[in-house]
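In this document, chain identifiers A, B, C and D correspond to the written order of the chains, with residue numbering beginning at 1 in each.
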Amino acid sequence: MSRRGRSRGCQKQYNRIILAWRTSFYFLILPLLATALGAQTVQRGMRGGTLVIAQRSEPKTLNPLLSRDAPSREVLGRLSSDLMSVNRQTQKVEPVLAEWVHPSADGLHYTVHLRSGLRFSDGQPFNADDVVFSFQVYLDEKVHAVQRDPLLIHEKPVTVSKLDGQTVRIDLPGRYAPGERMFDSLPMLPRHLLEAAYREGKLNQVWGLSTKPEAMAGLGPFRVKEYRAGERLVLERNPYYWKAPQPYLDEIVFLFVGDEDAQIARFLTGDVDLVNRVSARNVGLLRARGVRVEDLGPSLEYNFLLFNLTKDASPGPKEWFQIKAFRQAVSAAIDRDGIVKLVYGGLASPLASPVSPGNKAWLNQKLTAGKHSAEQAKKLLSESGFTRDKAGELRDRNGKTVEFTIATGASSQERSAMATMIQADLQAIGMKVQIVPLESRSMVDRILNTHQYDTAVMGLGGADPDPVFETNVWKSAGGMHVWNPEQKQPATSWEAEIDRLMDEQASELKQEKRRELYNRVQEIVAEEMPLICLTSPHVLVAAQPRVKNLRPTIFDHYTLWNSDELFVAEAKTKERSAGR
Amino acid sequence: MAEPILDIRDLSVSYAAERWAIKGFHLTIGASESVGLMGASGCGKSTVAWAILGLLPAYAKVTGSIRVCGNAVNARMRGPTVALVPQEPASALNPVLTLGRQMRDVAGGQTIQAAKGMLARLGLPLEIYDAYPHQVSGGQLQRVALGQALLCKPKLLVADEPAAALDRGTRTEVMQLVKDLQRELGFGLLLITHEPEMAQHFADRVMDISLPSESSPAPTRAHLANADWVLRARGVSKSYARVRALDGVDLELKAGGRLVITGESGSGKSTLAKCLAGWETADNGTVEFKGAKKPQLIPQEPGESLNPFWEAWEVVTESLRLEGVGETQRREKAIEWIERVGLPVEVARRKSGTCSGGERARLAIARALVMCECEQQCHGLLIFDESFSGLNRGLRRQILDLLDELQARWPLTYIVIAHDEWLTRRFADSVAVMREGRLSG
Amino acid sequence: MIWRRVLQTMLLLLAVSAAWFALLAASPGDYFDLQRLDPRVSAATVDKLRAEYGLTKPWWVRYGDWLVSVAHGEMGVSIVYNEPVADLLLPRCANTLLLTLTSTALAWGLALPAGLWAAVRRGGGIDHVWNVAAGLLLAIPELLLGTLLVYWAAGSARWPAGGMRSAQDGGLLDILRHLALPAGVLAAGLFPIVFRHFRNALAEASGLPFVRAARAVGVSPPRIWLHSVLRVAANPMISLLGLSIGGILSSSLLAEVIFGWPGLGPLFVEAVMTKDTYLVLAPVMFSAVALAVGNLLADLLLMWNDPRIRAAG
Amino acid sequence: MKHAAKWLIVGMAAALLLAPLFAPYGEEEQNRSRAQEAPSWQRVPGTEPARIFLLGTDEYGRDIFSRFLYGGRLSVAGGITATLLALSFGLAVGGAAGLGGGWLDATLMRTSELFLSLPWLYLLLALRAILPLRLSPSGAFWMMVTVIALAGWARPARLIRGMVLSAQDRPYVRMAQAMGAGKGYIFRQHILPQLRGVIWAQALVIFPQFVLADMALSFLGLGVAEPTASWGGMLAGLRHFAVLESHWGRVAPVVLMIVFFVLLQMPASDEPQGTQPRMPETIQ
């Protein structure tokens, strides 16, 4: 298992973070001078104090099996621990509950030995039986756990067997390229609390928000203290946490503030200590008030303009979309730099392929973002038989005016703004385009189920950098193959080639080979352009100076992944100090 | 002579630009003297009353001087010094407060015994004290309003048509009470009325604002001999909820005749009129009418039966509009009839809401006549349901002259429902009296 | 009479809930669609989840299930929260009521005296001043006023900018400080309506003939205003009060979202967006009931205040 | 004072309805190089293209003053149509209920209660979600107008019904009935002229609803679609602090809108004079 060398792109990103910290007041009191090369070392924290983080919407459940939305996952991440998880900063898999893990040579068997003396947050001991029980629950058909699908390789589940009280062996049905990454975000469940509910088949009714804290337990740094409907969820330190002195914080408070501007208002009044994913437009006003806003560079998300390439008889826009030159012309007409400047105030990166620059490990460095040139677009269109009439409107071969709609999800303001700019860009080359804002669920229904749309501005990615998690998108039979989902067999030759490449890389253990395969996939998509990649927004985090050991990353949970190391400089006094 | 209680010098009041309600009016009333004020309706009698109290609407322009007991009327004087009994009893009392409450609020508050004592003196049952205005009759309301003024023990009492809504019997009773109280309390009385006997009987002296001269008695009219009957009612009876309004009424009316029906208020006169005109169907019994067009009913408040938003000519010829007659034709017909009922032609263009009470009464008659008119000179029947009680003597005389003249030229028959003996003497061929739903005589 | 009204309200609620159910079922997409965007979940799992939550059943069948669960007092189970809707709603209803009742009381408490003062001084300077103020408040959208106040509060740092409690649970005084701004915005929205309604009702009642007649028999002006005119002017106001009560669960939706007030507003907006049908229905039902109660209360008050209606009643 | 307000309103409405004549730039014209620029009145020599923006530009570099005029046109047109729709529907239902009486009256009044009990914002959200994709800008406009009409007709209907009931027992109406006039004739000729006052007052209440509805929807991202300019969209845009802080040109349109609506309230505040007989508040 070769370890990935640190690439040049990564180096640049670290410098920028250190630079940001050097200017902030906080850095002056740190005895340790952060070196340009070495990662930040963890600083001995002071116990006590409360950290308040704002959440856009309430968590929906405290049951790991049902945690389908981001807020719930963010909370559950603090309440539970995995056998092994990916270090958000170094992207390397590290044992957490496991003391050591011995993978077999062919990568099909893992022997996992647990740390000794581990206890749940209610004091009950944790052993191999809990691990076996957890896997059994995750893999059970009837439970429909969120964690089930990643544990299936070629539709066959992994098997877990107990060797002794502290050791288990996990056997994989087939070669699995990401290897141990599979065990990330697989929280170990307390058998003594859930087995009864599991036998009665009521697992999805337990551990709701209003469940009494004593009825729940986990192995994470914190446990549930109190829930106040519509307002806040308070977690308190787990006394039995295995990294004894940590967590330093007494409590973490998740404050539900539905609207980003409201979040910023409460941040400015000192009610909130941390805001994840500040949108670009608010960075200016925060920095104007001397607030430390960390720009962590492009996230894993990629926004794109999607063409409806599904095959159905209906005439109209779909005929044009099938023409590759038409798609390339649209891509050439779009002013990506304009989008970065106007929509994100410069805090985003134009995309060359569906892999965001933030995903250094798998980015195909050779591809460059399409240059904005209306002439190139017009040339491509006239070559493929489109003409412009006197009024400047584009007409296809049989004289019909080129007119179609762009669907946008109402919830994302940035994507609506992108659609507005694309509409203007396409109008410049004679295409009459109309924007249709749709409520996000009905938009997904149109794209994946009823195919009743022309084009759409969408965003995907953001969960995990590893290509295997994008299988559903790139394989022609995949449910998320957005431009023409769930094809019986590949509609075009290039989609067939992508299928082949994706299958091969999924079971290719040598990382170098995997990179070449995935680079080829990116080249095909950049050439064929079923979806026109636009931009990837930067991850922006706002934090109060009193928050220490904060090492935000572009991977999910952004700031709380090391919640056991976080601490606050001075414990929060009863009455917030008015000195601003 | 002691200083006069009321001294009005050269009073002029105008509501709209050049139209004066009263001009250069003089009046003095000494202590415990009572003066009757006469005049055609709309001639400004009520304006004088409200002017004395200083309660004219803000937009009214007033010149001249009014002094009560030596000084101009101010808020403190209303009640203890001067009080007014308004013309419309129904709208003078608050519908949502009990009558007793409204009597006790008078002139800074009265005791319950005083209020109940006054009710007794006015001959009203004691339950009225806790009743609401919509639960008692018009006559009783009038007496309560009077009681309110009397409770104030004013030095000057202004009474604006204090007995118009009362029938004969109770009217004399009430006015007698006022005279007794005047002797007992010694207040000055200004009695505003349009009925000469009221003024002569109860006032020491009488004044008249505008003086249409008492015209001579009615010209004699050739008596219609044995003309055929035009309306026959047999055994007509009608009852509402528990009350039996008509109890088997028989009636036969000669063509060209004039029947006057009198009777106590609540004896079923209006119900009979509505049944004869077809506005309501009788429970049993028959009503036959020979003429081509239905009998026309002119209701109690003729002015109210005209849509105030319409112009006069539209109102008069509404029936023709229903028959689909063209506008120009209707306009000519309207002007023709408006002239015949004695109104100046320019009234046709004015909105009916802006015409005076007298003018609106004539318009109602014109409208009824337009409906009775038909080519073959068929017979028309007009039923007047106390249509003239609101008008003053002079105006009523003019209307009756008009009816005489109309009847001379067109085959019309009249039924007039009223409780005014003068009318029966002067106008009717035959008289019938309604009592408890039965018609006699 | 009361029983007829209660029956009518029940029918009304049935009609409203059926209409809403059909409306929501007709809209494309359901809660699990967005689930498809998560690469870690396969399409097959999503379809199984849909079946498990009964989303594949026709809407009238699900409506039937809903009625049954209403009978049990659960009002359906939320797909998103996996909890009975009733448990989710009750704490939020309390917060919304706290906000709307304070703002309604504030608005009426200010508008009635102002209306009386303006009516007594009709046409005068005071009347004009109040009228212009009411006109201005009517013209300023509630949403904008809310945003500006939050923006100002964020700058001032002394005043809480949204939410119901500060991070350290400060108890009653803390809640009141948080309540001030949202209640103020809602009251600013309601005040002009109540003021103008009351002023016009008083102006009209004071023009009626019995007022002049009462002055003619020496009834003192203050007694006329407070005793006679007020009672008559109360009728139109009572109907308005009925409507105000009717809106206590729906009028504060936007203000709650702006101020982050943990009431029904944010929950409802999220429920509509996530197509959580049962969770959408409950607030609509609650506000329909509130409206019916408001109207019933208004009718009873009208009968108490006006004998003429009592007779007709 | 009242006349001045009336003429000012008519002037502003006319200017808005004829926006294309007055607006210096196109509604969707983007000058990306000059985004978020503060208002400037004198031509800065050498800036290329040398353009001035009276109220500055928004985040896409579009002229805010032109968008205010185009947005006004949409809002005034929408407001008027929605008001006409709601009032004519209210008049029809109110009239039918008042004249019809009996079961017709009961059913119409219950349906009006049904609509009154639907908070209009909930209705807007649900309807917006179920509409077909092919929604041209005018489609969105008509959707908003119909929804407001649906939400707005109930109150005028109940008011008109009350007045029709009270007008019916007026003597001159009974007189017309005695002359054989039908219900339709009575409603058209006798009752309608008196409803003018009520209808005008209700129109003033419903007219601003269009902008408020558009604003509420834009607030949730579902309002009139970009790039069409709309007052609601501009108002909703202001809820972002970044917009509030960019330049005063962003706030100016809102001030103008508020002036427009205050002037609109002016005529409504004076009492109805004239020969209109005092119509007692009907007890319903």
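Quick notes on this structure:
Operating definition for what follows: a contact is a pair of C-beta atoms (placed from the backbone, for glycine too) under 8 Å apart; a residue touches a chain by one contact, two chains touch by 3 or more.
These numbers come from a predicted model, not from an experiment.
Listed here as common contacts of chain B and chain C: D.
By the count of C-beta pairs in contact, the leading chain pair is A-C. Of all chains, B has its CA centroid at the greatest distance from the CA centroid of chain D. Annotation: 22 Å between the Cα-based centres of chain C and chain D.
Inter-chain spacing, taken between the CA centroids of chain A and chain D, is 44 Å. Computed centre separation for the pair chain A/chain C is 39 angstrom, with centres defined by C-alpha atoms. Per-chain CA centroids place chain A at a distance of 89 Å from chain B.
Looking at chain C, residues 27-28, 147, 151, 154, 208, 257-258, 269, 272-273, 275, 306, 308 sit in touch with two or more other chains.
Multi-chain contact residues of chain B (touching two or more other chains): none found. Counting partner chains per residue, chain A has residues 259, 261, 264-265, 411, 439, 442, 446 touching two or more of them. Under the contact rule defined at the top, the touching pairs of chains are A-C, A-D, B-C, B-D, C-D.
Residue ranges on chain B touching chain D, taken from their complex, read 277-279, 297, 299, 301, 304-309, 315, 318-319, 322, 351, 353-354, 371. By the touch rule above, chain C contacts chain D in their complex via residues 8, 11-12, 15-16, 19-20, 23-24, 26-28, 131-132, 134-136, 138-141, 143-144, 147-148, 151, 154, 196, 200-201, 203-204, 207-208, 235-236, 246-247, 250-251, 253-254, 257-258, 268-269, 272-273, 275, 280, 283-284, 287-288, 291-292, 295, 302, 306, 308-309, 312. Interface residues of chain C facing chain A in the complex, by the touch rule stated above, are 27-31, 33-43, 45-46, 48-49, 52, 80-83, 87-88, 91-92, 95, 147, 150-151, 153-155, 157-168, 257-260, 262-263, 266-267, 269-270, 272-275.
Residues of chain D touching chain C in their complex: 110, 113-114, 116-119, 121-122, 125-127, 129-130, 208, 211-212, 215-216, 219-220, 235-236, 238-239, 241, 244, 254, 257-262, 264-266, 269, 271, 278, 281, 283.
Residues of chain D touching chain A in their complex: 28, 30, 32, 35, 59-61, 128-130, 133-137, 220-223, 225-227, 239-242, 245.
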